[in-house]
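All remarks here apply to the structure that follows.
Going in written order, the chains are labelled A, B, C and D, and every chain counts its residues from 1.
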């Protein structure tokens, strides 16, 4: 469960990225977050991850109070989430396989499990043949899919995806969406930031939150409940 | 004028990214390049820029034979083009203003001209207020627009844009497309790689080249001539 | 167990992947160790040489002719009882005259008439254990009754002492400076290496790795780099030490210049410890900054 | 003009933006310069001390009693003609006896009967300019007819020579090692700094910058870093040199230990040149690798 209570985020240079966000996302929901460039969508994601702390207000994720966490707790908060970053954030000197495997290893997974699970997840995103490539040897869309595979690999209870289809073609986008939809049906909460109106229209039965200038402009509830 | 003659590109690890590309783009054309993720679109852009050399065949850009160029000539080839990179390629420790200004300075522009031109171009892409921000302080879409501003700033005879709207919202995308269309009408050649079917459908009067598995699968001529 | 293997593997992998950086760190650390080691060996050898020279330094005292055999012996005992006196050899009037004759060489017969009527006094030739308290010893000798004259190469003694003082001063300063350089260089090398990995560590934290999970491979890496550097440094040090110093040694016929095998073992142990400690500390300190995400 | 201002501005900006790295480079370079400078000063001072000791080192030669005044003068001329002889003072029979008396102190009257019938020979007290060719000088002296005996503190002479040889050996090795360390460290520092900027340089090339357009700010940066480092090093060096060495100097009353002001100016010039050259070369070499895009 994710809850934003009156959250403000003002960056050091004075940019007011979020201005009083109140948002509650229940377990098992699928939420689209959309909004203009610079509206504050990625900032929202950064707060969930404790990458940035709220300037005011509180963010609660899976029971963790993000603004009051100790350094030791942060990794455990992050393990409850799988995140697809807008800028991918792949480790440059690890291969695709190693990048995904690292996320498993960090949670203490066994080698045997890693060797079984990682190729499966890479296969899911259509990258079985690119396991040994380094990020610099992958196309933009391929890097994005490695990032997606990493988000999926630990079977997290929340998946946060920041623009996960910005660099992939319509057919693949459709496949990825179907996959996320299926994962959501099995109970995983999904928060997806996207600009792609085609997607949002197609999956309009999910909840759609629109952010504008750091505020929630619209919150269309989903219709599939 | 751009010409690909029987171009093959095989990367060091054996990946065959391009398999015999023959393509001629005349001055003043507007060409969409589309294709699945990993089809070889960015590789095409890299060849234009002399970032990668063709394994076989020849690429001719504005009279430069890319495979036979000397190191000294490369900067002059690059100055004839404005490029929006798929991964933005902004210099991290320069502000948005400085990033754009650098591209002008590199061509030997005067300070006075730089101080007049850069704010104007940043204004064009809607970033007048973000001139002093560093790339890490910009949202994904804002970085992409800085990259676009940098491509425009020197009034190049060719603009190559690799997925220039992947991180910006539909309204902005429309504005950017209108701008590129206007620039094209004034005589600039534009090569734009994109996945966005909405855009391609809307501007279908331009030429559309489809790449599949390193080969040209389809080449729909434009209708606006 | 599996974790340790993983961390160790990661460390090896990272050393290999960042070859350039690893080699830089190893090189810098090794060079610092060699510098420290060399300054140790050199100062050890120089004080050996000085000790040797001192061993040959002597004071000659002359005795009052009025003293009888018992009185002479008394004075000898008093001299021997002084601190810093290593040896005290009686030189009789006759011996003194013989030495004078020898000094005159072929003109020795000039003195032949004086054998019976020897005008030279009896004396003691004194060797000291060291020169640090040279002037106190001389003062003490002056207080012994029966000694009429003290003959000493005070100048040479002073100069040797000065040289020694300068060398140890220089040694201390060199050591201090080198130690600071080592720390500075290594911490900077590791910091720069970390700076390069900043993004990597960042990303690791974002996928839920704990601080220690990230830290361990770096600790192993620091350990390995320290170990390799120290072994390399020891090898080079041994070679440097053997070849040119062996030549100097034979030149000077100074057998004392060798380090004993225990000293060599000590040096090796010191190198390895220093290397590993610096490596690990360097890693830990440098990683710390980038873990704050 | 505008370009130069731009390049210079960029260099300053870059130094400021990469403060950590710049400080590392400046620090490492300064430390290396200080090490080199210190080893120069120390070896300069040590050879000064040795020269001083040598200056006091003397050979005494005794002459055949058969020589007349002209013959004695002849021998004196021959001695003075030898290389390495600095001074050659005649010591007459009488002076020698007086010295002997002085050496005997209160027992001087023992020798009072010999004033008329002096058994001691005439002689020359010879000072040498240096000790390097000590034994050759002695051999040459032996060949001069009329000299019957040569009295020398060969032992002390030998030892001093040995110390000097060791010190110069150590100095040379130290210098070689330090020079290598400097080069190694600086090139690595700059390489690492470059590695960090790899992406930046890459991007610059992609927007059409020529190699020299990218290179110039780095050259200026290297120059500035070298300049700052050398000034810093000079300041510290001067301080190090003044404070503890000044103390040693007054301790030993060795006025010769000061560097003249010309030497200080030379040192400053050497530091600045070395700093700038290393800085610029380092920048150029390191940038080269990353320009190949």
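Note that contacts are C-beta pairs under 8 Å (C-beta built on N, C-alpha and C of every residue); 3 or more make two chains touch, one makes a residue touch a chain.
Note that this is a predicted model, so its numbers are computed, not measured.
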**Report entry** Number of hops, subunit B to subunit C, where each hop joins two touching chains
**Finding:** 2
Query raised in the report: Which chain has its C-alpha centroid at the greatest distance from the C-alpha centroid of subunit A?
Result: D
Requested in this report: State, to the nearest whole Å, the distance from the C-alpha centre of subunit C to the C-alpha centre of subunit D.
Outcome: 21
Query raised in the report: Distance-wise, how many Å sit between the C-alpha centres of subunit B and subunit D, to the nearest whole number?
Result: 62
Report summary line: Whole-Å distance, C-alpha centre of subunit A to that of subunit D, is 67
Query raised in the report: Using the touch rule from the top of the page, what residues of subunit A touch 2 or more other chains?
Result: none
Report summary line: Multi-chain touching residues of subunit D, meaning two or more other chains, are none
Query raised in the report: What graph shape do the protein chains here make by touch: line, ring, star, complete or other?
Result: ring
Requested in this report: By the touch definition up top, name every chain pair that qualifies.
Outcome: A-B, A-C, B-D, C-D
**Report entry** Parts of subunit D lying in touch with subunit B, wherever the complex brings them together
**Finding:** 2, 6, 17-18, 199-200, 202-211, 213, 292-293
Query raised in the report: In their shared complex, at which residues does subunit A touch subunit C?
Result: 49, 51, 71-72, 74-76, 78-79, 83, 85, 89-93, 102-103, 105-107, 110-111, 150, 154
Query - Contact set on subunit B toward subunit A in their complex - result: 11, 13, 15, 34-38, 41-42, 86-87, 132-133, 137, 139-142, 145, 162-163, 166-173, 195, 197-198
**Report entry** Residues of subunit D defined as touching subunit C within the complex
**Finding:** 20-21, 24, 27-28, 31, 34-35, 38, 42, 45-46, 49, 52-53, 56, 62, 64-65, 103-107, 110-111, 114, 119-121, 148-149, 151, 153, 155-156, 159, 162-163, 165-166, 169-170, 173-174, 177-178, 180-181, 184-185, 188-189, 191-193, 195-196, 240, 244, 248, 251-252, 254
